[in-house]
Each structure stands twice: as structure tokens, then as C-alpha cells.
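To keep things simple, chains are lettered A, B, C and D as they appear, and every chain counts its residues starting from 1.
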Amino acid sequence: MSNTIGEKVLLTLFGESHGPYVGAVIDGLSSGLEVNEEEMKRMLSLRRPSNKGETKRVEEDEYEIISGVYNGHTTGAPLTIIIPNKSVKSGDYDQFKKTPRPSHADYVAEMKYAGYQDHRGGGHFSGRVTAPIVAMGSILLEALKKKGIEIYVHIKKCAYMIDDEFALHPQVDLDELNTKNFPILNKEIGENMRDLMEKTAEEGDSLGGVIEVMIKGLPLGLGEPWFSSLEGKLSNAIFSIGAVKGIEFGDGFDFADAKGSEVNDGYMMEDGKVRTITNHNGGINGGISNGEPVIYRVAVKPTPSIYKPQRSVNLETKEDETLEIKGRHDPAIIRRICPVLRSMSALVIADLYEMRYGEDALR
Amino acid sequence: MSNTIGEKVLLTLFGESHGPYVGAVIDGLSSGLEVNEEEMKRMLSLRRPSNKGETKRVEEDEYEIISGVYNGHTTGAPLTIIIPNKSVKSGDYDQFKKTPRPSHADYVAEMKYAGYQDHRGGGHFSGRVTAPIVAMGSILLEALKKKGIEIYVHIKKCAYMIDDEFALHPQVDLDELNTKNFPILNKEIGENMRDLMEKTAEEGDSLGGVIEVMIKGLPLGLGEPWFSSLEGKLSNAIFSIGAVKGIEFGDGFDFADAKGSEVNDGYMMEDGKVRTITNHNGGINGGISNGEPVIYRVAVKPTPSIYKPQRSVNLETKEDETLEIKGRHDPAIIRRICPVLRSMSALVIADLYEMRYGEDALR
Amino acid sequence: MSNTIGEKVLLTLFGESHGPYVGAVIDGLSSGLEVNEEEMKRMLSLRRPSNKGETKRVEEDEYEIISGVYNGHTTGAPLTIIIPNKSVKSGDYDQFKKTPRPSHADYVAEMKYAGYQDHRGGGHFSGRVTAPIVAMGSILLEALKKKGIEIYVHIKKCAYMIDDEFALHPQVDLDELNTKNFPILNKEIGENMRDLMEKTAEEGDSLGGVIEVMIKGLPLGLGEPWFSSLEGKLSNAIFSIGAVKGIEFGDGFDFADAKGSEVNDGYMMEDGKVRTITNHNGGINGGISNGEPVIYRVAVKPTPSIYKPQRSVNLETKEDETLEIKGRHDPAIIRRICPVLRSMSALVIADLYEMRYGEDALR
Amino acid sequence: MSNTIGEKVLLTLFGESHGPYVGAVIDGLSSGLEVNEEEMKRMLSLRRPSNKGETKRVEEDEYEIISGVYNGHTTGAPLTIIIPNKSVKSGDYDQFKKTPRPSHADYVAEMKYAGYQDHRGGGHFSGRVTAPIVAMGSILLEALKKKGIEIYVHIKKCAYMIDDEFALHPQVDLDELNTKNFPILNKEIGENMRDLMEKTAEEGDSLGGVIEVMIKGLPLGLGEPWFSSLEGKLSNAIFSIGAVKGIEFGDGFDFADAKGSEVNDGYMMEDGKVRTITNHNGGINGGISNGEPVIYRVAVKPTPSIYKPQRSVNLETKEDETLEIKGRHDPAIIRRICPVLRSMSALVIADLYEMRYGEDALR
């Protein structure tokens, strides 16, 4: 199921960067969910390039809902959103078909699809394909919110600069985070990151980073042992993004150097409710949500499109070749990936929620 | 599909730690694969407790193949292996039903299954359930080997001690790795780790670590864009193990502090073949294998079963309670998890291989 | 997976009768398949109303391929086709929301989706949604043809009139069948059926029928024992059409009155090849194609939309009510369903073909 | 998913006729369901050969539940049942590997699995594999009964003899049906059928038939439009049985000769509830249960194992050959298939029930 994800709430993704449209179908969702188009536009605007140094491609994201919504609510039938690709300069990309860009999918696509792939703009591998995920995400996030489930995302790290922990900030800061164009808790660090991104763009280079996600209000019991673990399902969804190269839950890789006595999450009673005293496990035990906030972090590699000369090969002549990329690209996607990760998380949670509570559960 | 994984080659897992058997069914596998029972026993022995300080539970793993093998080869019908649970002391576990062990699945299981779960020995959440995965893995690993695909695993890190890189060792060391009871490249570091594990066991505490996996000889083209990415499929498989809390491919979380110009994998011609000059992406671009070795690392948390007093709650009286665990447990599973990760990787690769090359491809 | 079908080649269906578009996404298909738009238009024209007495709704089927095709070939990425709904008269349908039409999905939809469904024109349950299946089918049928697999469909029965058997006609008649607007082998019977359909339309009534499908040239080995049987997969696909209420393979229900000695398909050698002497099993043994033509028949109920007064209830007042349907409807869909069944069959076969022979097998 | 079926409640089937065990795993089922072993034994006894003229193979069905049940209830973890194959005479079958039995799976299995299949007793294609389905079915049927859902099955037709309609008999007769060794409503017709079966067995021949199933008390709303229709899901499950060659819902193939005005199911109010006046559609509209009894019929072919000489071929010498089957076989499976169809129906309904109402819905 290459482009379809989910067990009950299924998302199917389609479209190529320079084709007529990108889009998605979501199926199996409760009928009667409100579709707030203002929120959809707002979410899409957060994914759009806007900061200095980001791609000059103007993506208006004039989405169209072509099925599954009637009188402003989901109908229970598949919901389809299409977004036209307007600002395309395909000429930019012709060279990459024979001289693949390092660390992009150009080379594997040429080989796997025997040259038939639409290579323009990265084709179906383009980050452009995440736009409909974000549009769908806005509907799911609103529905989950009504069930008391909120998802927060911030840029946690970039070039050794580290943002504050969620726990150090009041709820008001968290709420603001999801409306920010550059979602970061510590303003000063945010300024420094943006400065560095701008500078890096001028150098024709790019940056990676770490994004942190927190899912609050999740009821106990989502996820199943073994192959539908909450960690596994979130991971499979999130590794769909080509730039993601790592994921960790709770203490993650820091567990490697810890002792059990230091990181076990003991239990306590709080207001008649069982709580964990700490949350080293990131809200998940045995693959199942335990009622504490789910926390995970995602490693994002530097955008492979850089403007410095790089070593590549000519697939026709079978000779080494130096590649110089022109065009318009982001020096880092850590800002624009935030609403995508929020939406992806919402998708996985909505699926597990309806699996657990039934087909009308999100209504 | 909680306990079933795969698209064409499907594994279904069953069994509880103190039930009569644990086992697995593998379906959709090519007929005509050799079933080497010596290799199966060898693989199972690597998963068994044996080192000092590990659980005293003697697991003989007297597996029985009850379907799908005829005349020493797979038949094409579902292959089922069952392994009896012999050395069980269920009395040890009765207290955990009402006083859950921190960082275990006890509490979520009690709530999710409304008290009906078999809680003894962790029930279906027990690491014991990985034994049939390893038995199945031995068949898959042999079949993949015949196609030139080899999977190597070592303990990469534990308590700030770091093993050598794969690349620094000759092939002979790699080959030896998969036969080692304590798979590590650097013998001295290995000794230190074992000493620490023993000492930690004596203290009643436990350790985490990082395991590194390399898949060599993988052809280009395994994995699909978006929701069947090679990273996503491996992750979903591997997060099935409750102790796993993170995974990273290639440079993984180190990408966060890098520039594109430092970590892009340029291409070169080598013996008429396209190769990447470096392998920061761990053999995967756009979710698809690129022909280079696939490299990933897995974060393993310290075994939650420790013998120091811990804070918990009494689910019946709804009061805080101090828990002292007795019984037999590993101070670290980083040794025993290695053949499991090798087997899990083989499972994902076998599935993708048959999806790409057809139903008889592994014969 | 309500609106998605397939294991490797997946079709996802979307759209509502009076929404902006109906459409489909096909994913997992080989790259490099030719997309013959003339053939697509021809196939769509066969599904369109045109005969006397059929619905007056003019459906131009001005489809648009919005992803997955580049330079006239499939790219390997999801292929999406959308077809705008132009000739819609939604006012006709408002009464059916509170007074459901007998034997339609109106009532179950109102209850299942809690009134949120798009009820206009039958919404997502409308036969209109089969248009994109036919468009997709044209691509698959062309690809299968190149592999020697041909699918033939005719109206087998209607109101006690029975068409000839496939075996009594030469290949030239079969080839012609797939180009016919009213696909029937015996011209005289065809005339009689059309006369009856016209007459029945004038009476405001409707007719059912039986459609017969033959798949020739199918290699041995498609289908799997138990839950991926060729019969089961074809059935699940074909029962998606609400008007289908039965399916039988080979002798089907006639087996009930037969003895084994009369209907067993013995084997013989023919030109060095194993063949069955008869084909009572319709080309399938144990759920797997045996190399003989696959033959099955589908029972289609009379179109529920009739113009005679019918008993219904008012869902608001909870009182009995007489319903008189106005609008435009087919007196029988047995003609228009033929290209749909051809396309559905192609979809199932393409999926099984790529599962068996690998991801590029249809190229 | 060849041997696994379901979306939430998944059944995985394994075992070969003459291997050590046949068995099944059921996963995703509510925890806390009672496991009534008396009922399980009773159901298994109904599937066993016992009537005169049936196979002499004594199958004791000494099943063992090896996972997923604790204290007499389902645990929520995979439930596995294994049944040893005790009375096996494999020598009987060796000839069929090179001289395939007509209308059996011998030939396709030999070709598809390249000779590696376990051919003894039909291997994985054997009806023997249905025993664990019946064992599982007993648990599901009990759970559904507590939700008011009852499934009734009778032999509807054999050799032109037709049993009474469900509607003509009082509830007491229906209840008795599920306890009968030869489930038929009209005793006289039952006697005649049994006589004919005995006589046919003596002649070394076999018989087919039609089985009818009624599911009462099903709530409205099970099944989804298009590819998860109630008809499609039941069909896919039931065509897993190799002897099944047709299925029809409600009026089924009789619709072919009817007019809409004769077979539309009008609505009426009854005790404040919406009911259909007739039930030509067999309780399903648009693929979704409408609250009326679901009724379907299944065409079963004569058992292919007959004792008369038959034409076959020698796959080694590639020459025609006459085959004479010895051994022990049923002259008709229409009796023994009844508990299997009841169990299969329960499986499909349980899956749809939990998809609609949530993971604990059957508790």
C-alpha cells in the first residue's frame, strides 16, 4: 500500500510536483465532522514558503474539495482534496534526469521506474505532495480537539541550537505555537536559527534539524501490541517524508546511557487518577498510549538541493560529472515540515481512535 | 493488523509468556526454500539467556514446525512454528496485576483488556514472544543470503561505551559477528560492557543501549514512496519490540547539526556501476534502497524489571504503593535483541523482495 | 478498506453523483504502461446512457487525468482520473432523504451516516461512481491484452431470454462483443431484449438480468488458497456494485443437481500441454486459475428506480407514505454494467498478475 | 493476504491435511469473551464425518487452545487453536502428485508450488483445514448471540430436492436446526436426501447442493459502500472453500427474470420501527445491512473425489492416463459444510461489528 495509509481511516496520496494537481483522498472517517475552511487555509499557509531564503515558488494552494463534504460536514464517503500546481518551471529539472542530484530520489526513481517517472520537480517524491496532507490534517485536528486531543509541534534543534522543553512553558505558549509561522518556544533561539537559515541560503547551502511533537489528552489504550504499536504506526507515517531520517520517543537515544532506576516511570495517584511520576517513555508502554502526553522527536536531514558544485554521474554516458543546481529551493524544511508532522500525527491518531471506539467516534 | 505484519510475506505472532506455547505463522513465502534446522537452533541459541547476570529462566526452545514444511523445504502454504513454554513460574507475577511494574505494559494491559489479559510473565507483551520471530528469521536469512543479501548486527553503544564502525573491520569480522553470543566488533569494549552488565545485575539495576544493523547486497528499488518506505516498514517492524524507543537511518539525528554540503552523498562511477561516494543516507533515498548498504541504529531502553524499590500504585485500593520485584530478568536485552533485529530486518526485506520480484523470487 | 481495493494494484474510488467530480486513484501499477486515450473514451462511451428508454442525464465524461501519467505512459506513481458531474438536477432527489426509495441505499445511508450523507442522486452509492472504474479499466485491459489476456462480456439473460454460449461463436464475434453498445452474441435475442427494455421503460418499470464474463489467456497460478481465491477476489470486487446480487463460476448453481461423474473436469494432453476436457469449474480449481478460460455469471437486480407508486415511510413523521419517483433513470443497467464488469475483472487480474510476477510484470 | 482474512478481527489459517496439525489464529477480538468448550466440541462434532457413506477417516478433533484464552475468557491477545491430524493414510495420495485428480487442486498446486507442496490428502487445500474455522466459529457465534445476532443454516437443495423456506417454520425449528447433524427443515426431504447420498456413495459417485444461510438480528449499518460491502465480504470468505462455486443474496439469480415493481422492497412502519414489507434484497441495500434478516445461498459442487475411472494425465510422462481413486471420501459435503458456513458468517459479522462499534463491542 505504497500511497495509502491507515487501517480504518485511510489516506491515499497522489500527484506529482509539476503535474496538474496534487491531492489526497481520506476514507473511513466519521460522517458529520465539521470542515472549517478558514482553518484549512491557515494550516496550508503555515506550510507555504514565506520566510527569507526559502523557495521563490509561489504556491497559492487554491485547494478544491471535490468529494465527501456536504453542507460543511463530512458525509462519510471518501473526502478528496485537490490542489493545482500553478507556479511550475519544469525546464529547471531536465538535467536531473540524466545527472541525478545527490541525496535526492532522482537516481532511484530513474532506475525503479525505468525512466517513465515524471522527474520534473522531483515528481511524486516532491515535498509538494505534503500540501494535501496538511489540508486533510486541518479537519482531523479540529475533530480531535473536540475530543480533548491536541497536538503541538516545535523546531527542537538546528545546528546545535536547542529550543526549550515543552514542560517549561505555560499552556498559552503551546497554544500560540500552532499558529506560528516559525514554531519555536524560545524567541531568541528562534531569531538565531532564522538568521543562520538566511545566511546558509546565501551560501547556497542547507540545514537539517530536529522537530519535537507532543500529543496531549490522548486516552489510554491507543495502539496494539507488536505490529500496530503507537510508535510503529507514527514512525511508518512520518518516514513517508523523504527528509526524515530518525525518530525517537520519550528519552529515545538517551536511554542508551541510562540505568533502569534512573528512567523507569513510576506510578502515583493524582486526583484519584493513576499518573506516571515522570514521562521517560513518552506516553507509550508496550506500544500503547498510557494516558500521559505522547512525545517524540524527528531527525530531518539538510535539504539536498544546494547550490554548491557536487559530484554526480551522467547516467547516459556513464561518466562522472559535476552538478550545479539552479532553481528555487528551501535551505531547510524544518519550519515547513511542522504542520505536516502535526497533520500526520493527527492522521495516525484519528485512525487508532476510530479503530478503538468505532466508526462514529469522532463525530 | 495488530499481530500480523507484511504485505505479501505475512508474519502472524501469537502466544503469551506463561501460556502453553508461543509461535508464529508465516504466509506468502516462496515454496522450495530450504529449512535448515541446524541454523534455526543456532539462531535460537543466540537469543537464549546464557550470560552471567541474565534471567535464570531456562528456555530450551524446543520448537516444533507444525505446517508449511515438507521434505525439508517450504511448501508455499503457511509455515507455523510453535515453541512450548516450559520453565514458567507464574506465582512471581500475581502482584503485578494489581501493582503494575513501572515502564512495563502491565498497567495499559490491565486497562485496555479490562483485566482479562494473561498478565503472567508480561503475557503477550513478553520478550518471550520474539523466539518464534528468530526461528522464522533463520529461514529468511538463509534464503536472502542465497540472493546475495546479508544482514549484520552489533551492539553499538551501552553506557557511553561505543563499538567500532562496521567500515573499520574486514569482512571476516562481520561474518563472525552473526555467530557471536555477544555481537560486538571491538573485543575490549565488549569485555567492558559485559563487566558492567554483570555489575549492574548485582546492583539490581539495568542498562539500555544502541544496536546497529547493516543490510548488505540489497538491490536497488526496494521500498515505495510515501507509506511503504523502506525506513517506515523497518521502523514499524522494529518498534514492535516494547524496549525499542528510537530508530535512525544513516547519519540519523546527527543530520540535525549538519549542512547539506557536508552530508550529501555524491555519485561516482565504480567498475561501470553507479555508487555513492559516501553513505550518509544509509542506503535509502526517497524511501527506496539505492544499492548501498542499508544502515540503521535502534535505541533500546534499560530493561524495566529492576530489583530496587520503585513507586507504583495499587489499582484496587487506588493508593500509592512501593513495589519490589523479585524473579528472574535480564539486566539488559541488548545482547539478546540482536538476533531478533536481524530476523525482523530479514522479514521486512523478504516481503519487499517478493513484492518487487514476484512470488517465487526467493526460491 | 471501504473504497480501496487490491493488494498490490490498489484502486481508490471517490465522488458523489451530484458533487463536483467522481474519480479514482490507481496505485501500485507498473510504470511504462501505455495510456490510450482513444480507448478510454471508447470504453466510457459504452457505459454512457444512449439507448432508448435510458436515463436522459447527459454524461459527457470529460475526464481529466491529474496524476500518474507522463508522456502518454504510466509513471509508477498513483494515477488519478477525475470526471466532472455536469448534468445534475439535485432538486429531483430532495424527497428521498425523508422518504427513502425502496431497494435503494437511501434508508441505510440516512441511518448509517446520521443524515450527513450527500443524498443527491444517490450520492456515493450512485452508479455514476463506476465511470472512473471504466476509465481505469481501459488502461488495464490494454496492458493485459499485451500479455495475451482478454476479457469478454455479454448480456446472458433477461426476462427468460437467454443469449448464446461463448463457445458457439467464433473469435471474431467475441472481438466484436467488446465494441458493441449492446453486447450480445445472438442478434435476434438482442433485438427482443431491447424492445422489451423500451416497453418496460414506457410502463415505468425496470428489468434485471444476468451478465456473463469470460477471461481468456489467463496463466495458471493466479489466486491463492483460502482468502485470496480468484473467485473470492472477483466476487468482492463485483459485489461493490449495488445492483449485483449473485455470482457463480463455471456451472455455478447447476452443480447443485449434478453428480461428480457428470461435472468433473478430466485432464488430457493437447499439443504437449495439459488441458481440461471440459470446463465445468470455470477455469478455477482450489481458488487458483488452471489455465482454462475463467467464466462467471453475475445476477443483476432490476433497477430500483421505477415510476409506479410504491410503499415507503416518512422518516420524519414516522408514517407510511406512498412514493412516486420522477426524474430520469435506466429501466435496466444490464447494458451499461458490461464495461464496468470488464473493468472490474481487469482490476482484479492486474492485481493478482503483479502479485505473482512482480512489480514491473505488466510493462 | 492469502490465509488471513478480516480488517479488525483477523483469522489466519494454517495446516495441511497430513501434516502434524491444522489450526488458526484469531486476532483483534474483544477481550473478555467467554470460551465455552462444550459448545466448541459440539460444533466440531457437527463437522465430523458420521453419516453413512461419509469418509471413514476418524477425526477426533482433539483441539488444543495454545494462546489467547485465560480463565475461560479471551485475553485480547491472538487466540490460537491447533488440532492434531491423527488418522492419516498418506500412501493413498502419492499417485495424485503425478496424476492429478480431476476438479481437485492437485494440478494447480503442482504447477504453482513447483512440486514443493505437501500433496498428501490435498495438503493445505484439504477440507480438513476448515476444522479450526469451526472451532473459532463457536466462540464468535456465542458472542454474537449475546448481542442478539443468530445465524441459521440448512441444506436448501440437492439433486432437485428442495427444503422448505425459513419463513414457513417457527422459531423452535430454526433453533433446532443448528443442533442437527443433518440440518434440514423438512424431515421427509431430509430422509430422501440421505438415502440418495448413501446410494450415490455406493455407486462411487458424489453430489452437490445448495446451502442457505440466514443471519437474524443484525443491526442496520454493517458493511460499507463499494469494496467492503456485506455481500462482498461474505463472498470472499465463503469462496475460500474450494467446493463453493456460487453465491446469491435475497432473490439472487431469480432477479434476472423479474420486474422492479415485483421485487422492490417497500417500507412500512411496524411497532414504531421502519421495516421492509418484503425481503427480496436479503437484508442488504447498497452493500449495507438494513436491519432485516440477511439471507444468502451458496452453490456447492459435487465432491470431486469419486471412485469411477476418470481421465487424467501423467505429469511426468506427459501422457493421458486413466485414474481410479481409492481411499475414503465424502459423497457430498453439503452436510459437513453447514457449520463451516455458519462459522465463516460469524467471522465476517464479528469483524464488521467491531469495525462499526469499537474494539470492546463484542464483550
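Rule of thumb we're sticking to: a residue touches a chain if its C-beta (ideal position, glycine included) is under 8 Å from a C-beta of that chain, and two chains touch if they have at least 3 such contacts.
Computed from a prediction, not measured in an experiment: that's the story for all the values here.
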item: Relative to chain B, chain with the most remote C-alpha centre; value: C
item: More contacts between chains, A-B or B-C; value: A-B
item: Where chain B and chain D are represented by their mean Cα positions, the distance between them in whole Å; value: 38
item: CA centroid of chain B to CA centroid of chain C, Å; value: 46
item: Chain A and chain B: spacing of chain centres that average the CA atoms, whole Å; value: 27
item: Touching two or more other chains - residue numbers and ranges from chain C; value: 1-4, 7, 13, 28, 77, 112, 124, 224-225
item: Residues of chain D defined as touching chain A within the complex; value: 7-8, 28, 77, 224-225, 355-359, 361
item: Residue numbers on chain C that touch chain D, as the complex places them; value: 1-5, 7, 13, 100, 102-105, 107-109, 111-112, 124-125, 129, 157-160, 200, 205-210, 220-221, 224-229, 231-233, 235-240, 242, 244-253, 255-269, 272, 274, 276-277, 280-282, 285-290, 299-306, 308, 310-313, 315, 318-320
item: Complex contact set, residues of chain B against chain D; value: 1-4, 10, 12-16, 19-23, 25, 27-28, 31-32, 64, 66-68, 70-71, 73-80, 82, 112-114, 116-118, 123-124, 360, 363
